[in-house]
Structure formats: structure tokens, C-alpha cells
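Each of the next two complexes has chain A plus one more chain, namely chain B in the first and chain C in the second.
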Partner chain A sequence: MSAPASPELASPSRALPVVLARERGLDPRTKILLVVACSIAVMSPQGSRFVPFVLLLAVGLAVAERAWRRAIGLPLAALAMWVLGWLLPGWWPNPVTAILSIACVYLIRFVAAIGVGAHLIATTSPTRLAAALRAWRIPRPVSVTLAVMLRFFPVVAAEAAAVLDAMRLRGLAGAGGLVRHPVLSVERFTVPMIAASLRASEDLSASAILRGLGSRRVPTAMHPPRFGVADLVLVPVVAALVAGALLLPAPLA
Partner chain B sequence: MTGGTEAPVEAAERPRLSLRFSARDLLRVAIFAVIFIVVTYVIGMLGILSPLVWLLIVPVQAIVGGVVVMLFLTRVGHAGPLALFGLVVALFYLLSGNTVLSTAVILVLAVLAELLLWAGRYRSRWAAIWAYTLFGLSFFTPFLPLVLDREAYFATSSWTEMGEDYVRASDALLSAPVIGALAGGILVAAFLGGLLGSAILRKHFVRAGLA
Partner chain C sequence: MIRVEKVTWTYPHAAAPSLRDLSLRVRPGELVVLCGASGSGKSTALRLLNGLVPHFHDDGVLVGAVTVDGIVTAGAELDELGLVTGSVLQHPRRQFFADTVAEELAFAMENFGVPPERIRARVEEEVGRLAAHLPIGQSLQRLSGGQQQQVAIAAATAHGPRILLLDEPSSNLSADAVDRLVATLRALKERGVTIVVAEHRLRYLGGLADRVLVLRDGAVAVEWDAAAFRAVRDEELAREGLRGAVRPVELPALPAAGASVARPVPAAEVPGGALELEGIRCRLGGRVVLDLERVAFPVGSVTAIRGVNGAGKTTLARVVTGLQRGTGRVRLDGRTLGLRARQRASAIVMQDVQRQLFTESVAAEIDLAGGDRGSDVLAELDLDALAERHPLALSGGQQQRLVVAAVRLAGRRVVVFDEPSSGVDRRHLRSISDQIRHVAADGAVVLLVSHDEDLLALAADRELRLVPAEPVRPDRSRG
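Up next is the complex of A and B:
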């Protein structure tokens, strides 16, 4: 490891330009456009022909940011969906596999779209997202809210998973319980989840306000959003993928 | 409609009408929007099983959303946050495969709900319940294209991939009376969600000091 492992620890005087160049990756605005475009493409009428190419893009992005777990996990998840959705009903046709197949054929689109979205979430700090939205002249209430939501999503998702785990442990989770006692299950899930999320959010809110989140002055960005080499490289890659999606025969018909 | 608990507020003046958001407001909108989305998605995941389950799940989502929104509304004292809440939720739905039309309708519903709240001076419990009843119709927006352009709806979006049988079952299931009943059901469910929300508020959150 010749490069400084963590850029924050490197001496700022000399290492800063290098770190900036290395840290940059894609511009947040590029990533947002990419996520929106992929989501629309995959969910569109002919969306299935885009799925393999969006997956390819998502894996490429994961490799570029060296997120090996995602780079391996995404193709595995897609492969599982493909086996369950396309192969299994042929091998063993019955109602259960048919339902499973329908669900997987639908979910594989989400795997592709989430793969690209995960890159945005993993590599964009809320402050950089806010800077990017500011560069687009998005009104302050909207841009700040969206940036904070990005920060809150993992927190709330973790709390929801914890509550579901606890419910499962007591045998309360599942569709059966929801049908038999709808109000009670709703209450058992939402109340602890909201309470836990609100408690967690109090600390985050206090620290965000201390760091000047709600300030009315236009903040300057430590890493102002700039389009760079990575964005330039992405253009032909995306063009090639779109051409491939449109010209090659669709594999997931 | 204006009946309820705000009889003695005559002395209190109308809350400020400016659309300025404090940092706390923005954080509050963000956290509740995230909770709203996560809660409705956790419930909505069950709907993939079959079209019938899916139809039944939508009113449940409207009920559950009520708990979140009612708690949110107790913390809102002025104009704006509910509309902003609607906007960011609608933007998120747009990312997850909703149509532009649905997104626009959610925004309109949020603004109308905001007007109801304003009529209740942002203090009335009943105004909050009615406001959520209106906003709860946002759960109907995914079905809007079905009402407007039925042929195209089944030809497009995720439907072609759901398999012939699923589409045929859905086509038979989603007839005009069923869609109308669904809209009514969602409206009733949203009203119940508002009631349930305010009941749960009193039962749990006020006691825990969170409301």
C-alpha cells in the first residue's frame, strides 16, 4: 500500500491534490442522473432488455469503487432471480414455482436498479449530495431534505430490521398475523420502529444543526462538484451499453 | 368538519403563514418521510404474492401511513412541511417506478391537505385526520393510469413481465367497480388510519414524551 490508506490522515499541504484526484470518482450529479435513467429504463415497458446491461453497469461501478461484496453479490442475486424466475418453472411446473417465478421476474429489475442506486448511496456523502443539488439550483428546503433523507435511510432501515427480527423471535411476524390481527400487528411494528427511529434521529439532528445544516447563508463546498475524467469515461461506456441493449437480442424475453 | 378540540384557541392568533423552513423543520420532514417510505414498503412487500393480496395490502398501507403522518402533524405548527413531505415522498416514488402522473397527483393531494390543516389552524386534531384522509389517496395514484388508459396500462410498465396468468387475473380483478371500491376503500382506510394514528399517539407516544 503505497498510497495513503485514509485520505483524512494524510498531511493536507502536499497530499491534497492527489487525494482530490483519487477520491473524486463520479460527480454526484452524474450519479443522480445515472440512477434516474437506469430506474426509468428498467421500469419501462421494454425494461427487461435493459436489465442485463444495467446489471453490468452496476457491477462495473462496484468494481470501480472496490466494493467487492457488492460486485460479487449483485450477479449472484441476479443469477438466483434468473434461475428461480426462468429455469425453475420449466423444470418443475406447479403453482408455487409459478408464483415464485412471477415475483422473481419482477424483482430482477429491482436488483439491477438497486445496484446502481447502491453506488450513489455508498459513495455520496450527504454534504456532497447537498452541494450537487445546490449546483442545480434546487430550492434549499428540497435539497436539504433530500440530503438528510439519504443519511436517515440506513438508520431507519436498521431500526425496521431490528423490530422485524424481534417480532420474528416472538412469532409475531408474517402474513398470517397481519391478516388475523391487522391493527395489532400494525401497532406492534410501527410503534417501536417509529420510537426507535425518532430517538436515533434526535442525535443526528442535533449534530447536523451544530454543523450549520440549516444556515441561510450559501455554504462553500470542500469538494465542489466538478465533472472530471471519470464522468468522461462513463459517457462512451453508457453509450455502448445502451447500444447493446437496443441492438442485441433481448436475453430475458 | 371544524369540530374538535380547538374550542379555546380563540385567543391564539393564526400561525405564521410564511413558507420559511427552519433547520428543525427540514430534518423533521426528512426523518418522517423516510419512516413513511420504509413502513409502507415493508408492508407493500407482501403484495408481490398475488394481485388479490396486493389489493388488500393497499388499504393496510394507508392505515399504517396514518400512524406516521399523524405523529408528524403534531410536530408541525405552520404552513409548508406537509407539502414538502408530499414532494419528497413523490420524488422517491418516481425513482421506484411510479409514473410522472402519480407523482404530480401526490403533490396536488399534499397541497390540498395542507389547506385543510390551515383551515384547522394547524392545531385541530380533526383537521389533521381529514388532511391525512385526503393525503392517503396518494396510495391510489399507482392505479390512476388504469382508470385513464386501461389498454396501455397492462401493456406497459411491470405488467408484461408479471406473466400472462398474473395479467389476466389482474385484468379480470381490476374491473371498474373494483377500482371504484378500491378508491373508496382507500379513502375509508385513510380515515381509519388517521383515527388509529391519533389513538396510538395518545396511547403510546404522548405517554413516552414523543408527541
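Up next is the complex of A and C:
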């Protein structure tokens, strides 16, 4: 699944080819299309029929990316949903399992779609996403905002983890406290998290703006996005998925 | 080149101006150091030069004129100023926009519309230069503080600005990383780049600085030229609240056994202590990040945890405090403690203390910590007048003291300080070291994770120096 390296960097005489070579893997635009198409397919009225295929795709992407935890976790999560959603109510019919079943029949679609989305987030750097969106002529405010959001996910995740650690050490993170004082517990988590995230975002945006992010000049890309063989294989798949979701007869409709 | 004429600047909602009638000039190719105690206005003066003041603070009040490379900053767009100035903020880690060295170096050039071939050539040149000092394929967040600093400087100068602005570049660096910083600055200066540095550690700039300006209350109080600065004594620096030379500090080693220990001793020769770790092994991301066969930390004294990034300092702190699972045993006063018990027995004073202030007033924060000596500890830490204030409205130093107060009241037996002195001046350094000493004197086992040799010299009794338990593999850019 590798896009061909740009010719001027592929020559063996170049030093540091690993670092400067075009990123292996799909073009960001293909990844975005995949996420959109898979979401449409599994969320359509007869979406369940696409779930096995989308799951397979998500696992395949995870394997290509060598994200083993996701490659194993996704099928396991889907298996659990399938057992709870389809098998359990048959074995042990009662109102609780029925409600659980309805929930899981829907959640399994999310598992599949999130699996494909995780590949986009894990393998696309903010600058490459912005370059891809520019290639699509997406307006600047949108592309810059999305790139900044993508950059900001890990910051918020890191801050949240640190605040949770601090709460654990102060004895504020237990399930007991959450049940007794739900609002207070959430407040104690969110206030420091937002404060810390804001502070981190201030440095990030100051530096990015000074380095021209969102400037009026027309930006370029070190490696302009380019479709490769893998992209050409997957785009028809995308088209087929969307067509299937929209055109296949839905008995309930 | 840079001209500041009688500038007075007041931050939004501030009672008093941060800069008062400040005037300064920097000639092309000069290296000028702005120094002064915390709150003297040196960082603000730097932000004046790249336009963050006034553009990044709506409703601030600016009087006077600033001209940078012929551009009047107040009337210019920030990116116009970014084209002629490169800025490195205090925490390089927080300002990276990309994940890899190459992408970070290309970032400014991409935004300014440099043709792709020129970006690639330029990035290749810079990457070649940096490859001598750091693993180029590594994710930026995993580099050491010194390596991140190198990348941040390269990323700020890749698009060829003639002016470089650095905010406390040495604040998180060890002595040898400071030497590399000096070499980098020297090379830039030889290329004719004008450099302005805001700092409170000064001596390392001795051979480079053309002028040193000491700021006090937002104006230049003292000016030294290169020769005068070299003649200034350490006592005079101390009077201005400035830090002198960065001296490597040698501490007696704590005997310890295991692959993570820099100078291990046989396990049988490790003496007992209040907090004992045995057979600790932690794997993260398929790599052994901490391997301690046996070590014991004594009560009532301060043990420095030192070592390069990736040596397992943070992991050790997390194992001791019960935030990280691992094989092996942790014993406190002879009793083996599980994860929960360790969490209840310990505390961390984090580098970003804002993350651990949970309530709406200083008094409530103290109540939450429990104990009955609340008012005594508040008075001792000079916080009693602030009891009704919101913790997030306090200054960084006050927040840190509040967290320390809560830790002391809760009577935790194991206390970890994580880089408590980043970016503080000489006076505050003394106060932080006093805090650490007090916690130890209260009868706690204190671990101090820090690169700051000035702080270690004041606050630590002995050191445990860690090395990576397994060589770091050059891994994929994203994990």
C-alpha cells in the first residue's frame, strides 16, 4: 500500500531518504472519502449488511499501518456487539437483553465507522490534511480549522490524562465519588482540563500564526498530495459502497 | 533593524503596565540579551518584537512605536512580521505543529508559499545538519528537551528570517544541552542573524552577547556591553535576581541495581530504606522503559531522579505513585502496597500545576486536602491573604505553593516533584527548594525529577541516575 516516492527523492544517492520520502500509505483525500463513504454506508437504513465489509476494510487499514492493537481490538469489539445484539436475546429473552440488543445492533455500525476514522486520524499529519483539503479547493478557513483540530486532539488527550492522574492521587477519581456528586466530579475534571488546554493552545496558535498559518499568501506543500496505486484501487470501492447504500432496495423504506 | 521608542504596554485587564517607557535599539547582526527577574517584562519585550504584543492580546493598551526590519509592528499583520522574525517560545514542545522533524521544518515555508522544490532542498539541508545531534525519524514529542530546542530553532529560521527571538531557551536544558545551544547560536550569529534572547541564566551567553540589558519593572535598568558583562560578578547578578553560570552538579549516587541504573551495584549491596522497589519492570509500546532490580529511597531526604529523556524518569515516578502498572513490588515501611494504596500514600507536584487545582477558592482547595493545620501551612507559604481567590487566578509560583500546601496537609508519605523550577528566577528557585526541603522534613520520601542543575544543587541530597533500559529504536513517525 505504498504510494510511489517522488522521482527526485527516490534516487539512491540521496542521503536520508527515509525522512524526506513521501509518506507511505494512502493519499489523505482517499482516507477522507473512505471515512465519508463508510459512514454513509453503515448508517443507511440497511446499513448492517455493509458492516462486515467496512470492518474488514478497517482491520486491513490497521494492519497496513501496523497498528496491531486496533487490528485486534476492532474485531473483538464487533464480536462482543454481535453476541450481545444477535445471540444473547435468543438465549436469554427478557426486557434488559432486548434493550441491550437494540443498542448493540446500532453500536456495531459505529465500531466499523470509527475503525476507518481512526486510520485517518492516526496516519494523517495536520499539515498533510491541510494540503489535501487545499488540493480540493476547500476554503482556507475550513482547511486551517480542521488541521488545527487534528493537531489539538493529542494535546487535549494528554491534558485529560494528566488531570485524571492528578485526581486519582487526590482520591477524587473513584466511581463512588462520581455516583454521589456527579456534577462536582465532572466540574473538578473539566475546569483544570480546559484551563490547561487553553494555555497549551495559546503557545501553539501564537507560533503557528507567526509561521504563516492562515496567511494571505497561497500556501504550498513540501510533498503535494498525489494519488497512488492503492488510492486508485480504493476509490472504486468507495463509489460502490455509496452506490450500494443509496440504491439497494431497503424493505423498510 | 529593531527600534523600540518609549513603549508602554498594559495587558488586557491588568492593573499596571508591564512595560514602562521602554526604549531599545538592536543593530543588524547583534546578539542582545534581555534579562531580569520574573515579572520584569523581558518576555513581554520579546513579544513586542514579533508583534504578539499587541496583536495577540485584544484590548491591551500600547503607547509608543516599534519598528522591526522597517515594519511598524502595530500596523502590520502577524504573518508579515513572522516572515522577517523567527520566534522560539519558552516550551518548544507546545509549539510544534507537525509530528516529524522534516514536516516541522517545512511548516513555515509551506505557509509562506515557497515552491516545493525549494522547500525540499532547504529541509534536506537542515535535516542533514540536525542529524548529527538527534534521531531524525523520531516523533518530535519523544525527543529530549535539548533536541526539541534544536528543532524549534531550526524550524523558526528555516524560512530565512534575519531576526531570531528566543524566550528563555535554556530553561529546561541540562548543562551539556546548553553547550549545544551556544554552538547553534554562534553559527546563526556568524551567518549574520540578529538575535534577541530573553533569559535569566546568563553566563552561558558570555562569549556571544554583544549587549546585556537588565530590565526592572518594565524598563531598562542596567546596560552592559560585552566587556562589562564579562567583568560583572555573580553577586551583582544575584542582586538583580539573575542566575549565573550553569554548573554541572555532582551528587552522591543512591545505590541501586538494574538495567535502568547508570552505575548499578549488585542487588545484595543495596541497603534498605523507607520506600523499597524490587524487580520493577515496565514495558510501554513494546519496549522495556524501566528495569529496576532493587532500590530503596530514604525518608526525610530528597533524591534527585536524573537521566536523559526516555531513561524512565517519568515511568519511575508513575510506578511509585501507583499511576502505572508494572511487575515487581513496592514496599513502604515494610508493607507491600498495591496500586490503590500507593495512590493514597503519594502525591505528585506536576510541572503544570494548573492541572491539579480542582476547586473554586484557595480555602476550598485546602479543605479538600483535609488535615487541621490548614491556616498554619497557608501562613507559612505566604498564601493566607489569598484564601478567597480562585486558584486559577493566582500566579504560577502561588499555584505551585498552593499545591505544595495541599500535599503537606494531606500528609502524603511519598512526594514526587516533576520539573518544579522550569522558567523561574533566582529568588523563586530558593523558595521552591525551601518547599521541597519542608516536605522532606515533614517525614516524606521525596523524589525530585529535574534537569535544573541550579535547583538540584540547592534541594537534592543524592541522585539516582537512570539510562534507557533498552536502546531506543528509531520507530515509525506515529505510534
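Quick note on the criterion: the second predicted complex is superposed on the first by the 163 of 253 C-alpha atoms of A that agree within 3 Å, B and C clash if a C-alpha of one lies under 4 Å from a C-alpha of the other, contacts with A are read in each partner's own complex, and residues count from 1 in each chain.
Assume contacts are C-beta pairs under 8 Å (C-beta built on N, C-alpha and C of every residue); 3 or more make two chains touch, one makes a residue touch a chain.
Everything quoted here is computed from the prediction, not taken from an experiment.
Undergrad: Once chain A of both complexes is superposed, is A:V242 in touch with chain B (first), chain C (second), both, or neither?
TA: A:V242: touches no partner chain.
Undergrad: Tell me the contact category for A:I209 with respect to chain B and chain C: first, second, both or neither.
TA: Touch status of A:I209: both partners.
Undergrad: Report for A:A64: first if it touches chain B alone, second if chain C alone, otherwise both or neither.
TA: Neither: A:A64 stays clear of chain B and chain C.
Undergrad: Looking at the overlay, what does A:V218 touch: chain B (first), chain C (second), both, or neither?
TA: Second partner only.
Undergrad: Figure out whether A:L33 sits in contact with chain B (first) or chain C (second), or with both, or with neither.
TA: A:L33 contacts neither chain B nor chain C.
Undergrad: Kindly classify A:L88 by the partners it touches after superposition: chain B alone (first), chain C alone (second), both, or neither?
TA: Touch status of A:L88: no partner.
Undergrad: According to the stated criteria, A:I138 is in contact with first (chain B), second (chain C), both, or neither; which is it?
TA: Once the two structures are laid over each other on A, A:I138 reaches no partner at all.
Undergrad: Please indicate which partner A:V183 is in contact with in the superposed arrangement: first for chain B, second for chain C, both, or neither.
TA: first
Undergrad: After the superposition on A, what does A:A80 contact: first (chain B), second (chain C), both or neither?
TA: neither
Undergrad: Considering only the contact definition stated at the top, list the common interface residues of chain A for chain B and chain C.
TA: Touching chain B in the first complex and chain C in the second, residues 191, 193, 195, 204, 208-209, 213-215 of chain A appear in both lists.
Undergrad: If we count contacts the way the header does, which residues on chain B are in touch with chain A in the complex?
TA: 21-24, 26-27, 29-31, 33-35, 38-39, 42-43, 46, 48-50, 53, 60, 63-64, 67-68, 71, 80, 84, 87-88, 91-92, 95-97, 155-158, 160-163, 165-166, 196, 200, 204-205, 208, 210
Undergrad: Looking at the complex, which residues from chain A come into contact with chain C?
TA: Counting only chain A, the residues touching chain C are 8-9, 14-16, 18-20, 66, 122-123, 125-128, 131, 151, 159, 162-163, 165-172, 188, 191-193, 195-196, 199-200, 203-204, 206-224.
Undergrad: Mind listing the chain C positions that touch chain A in their complex?
TA: Spelled out, the residues of chain C in touch with chain A are 50-52, 56, 77-79, 81-83, 85, 87, 89-91, 94-95, 97-103, 106-117, 119-120, 123-124, 127-128, 131, 136-137, 155-156, 159, 318, 321-323, 343-344, 346-348, 350, 352, 354-359, 368-369, 392, 406, 410, 476, 478.
Undergrad: Which bits of chain A are touching chain B when the two form their complex?
TA: Within the complex, chain A contacts chain B at residues 35-36, 39, 43-45, 47-48, 98-99, 101-103, 105-107, 109, 113, 117, 140-142, 144-146, 148-149, 152-153, 155-157, 160, 164, 175, 178, 182-183, 186-187, 189-191, 193-195, 197-198, 201, 204-205, 208-209, 213-215.
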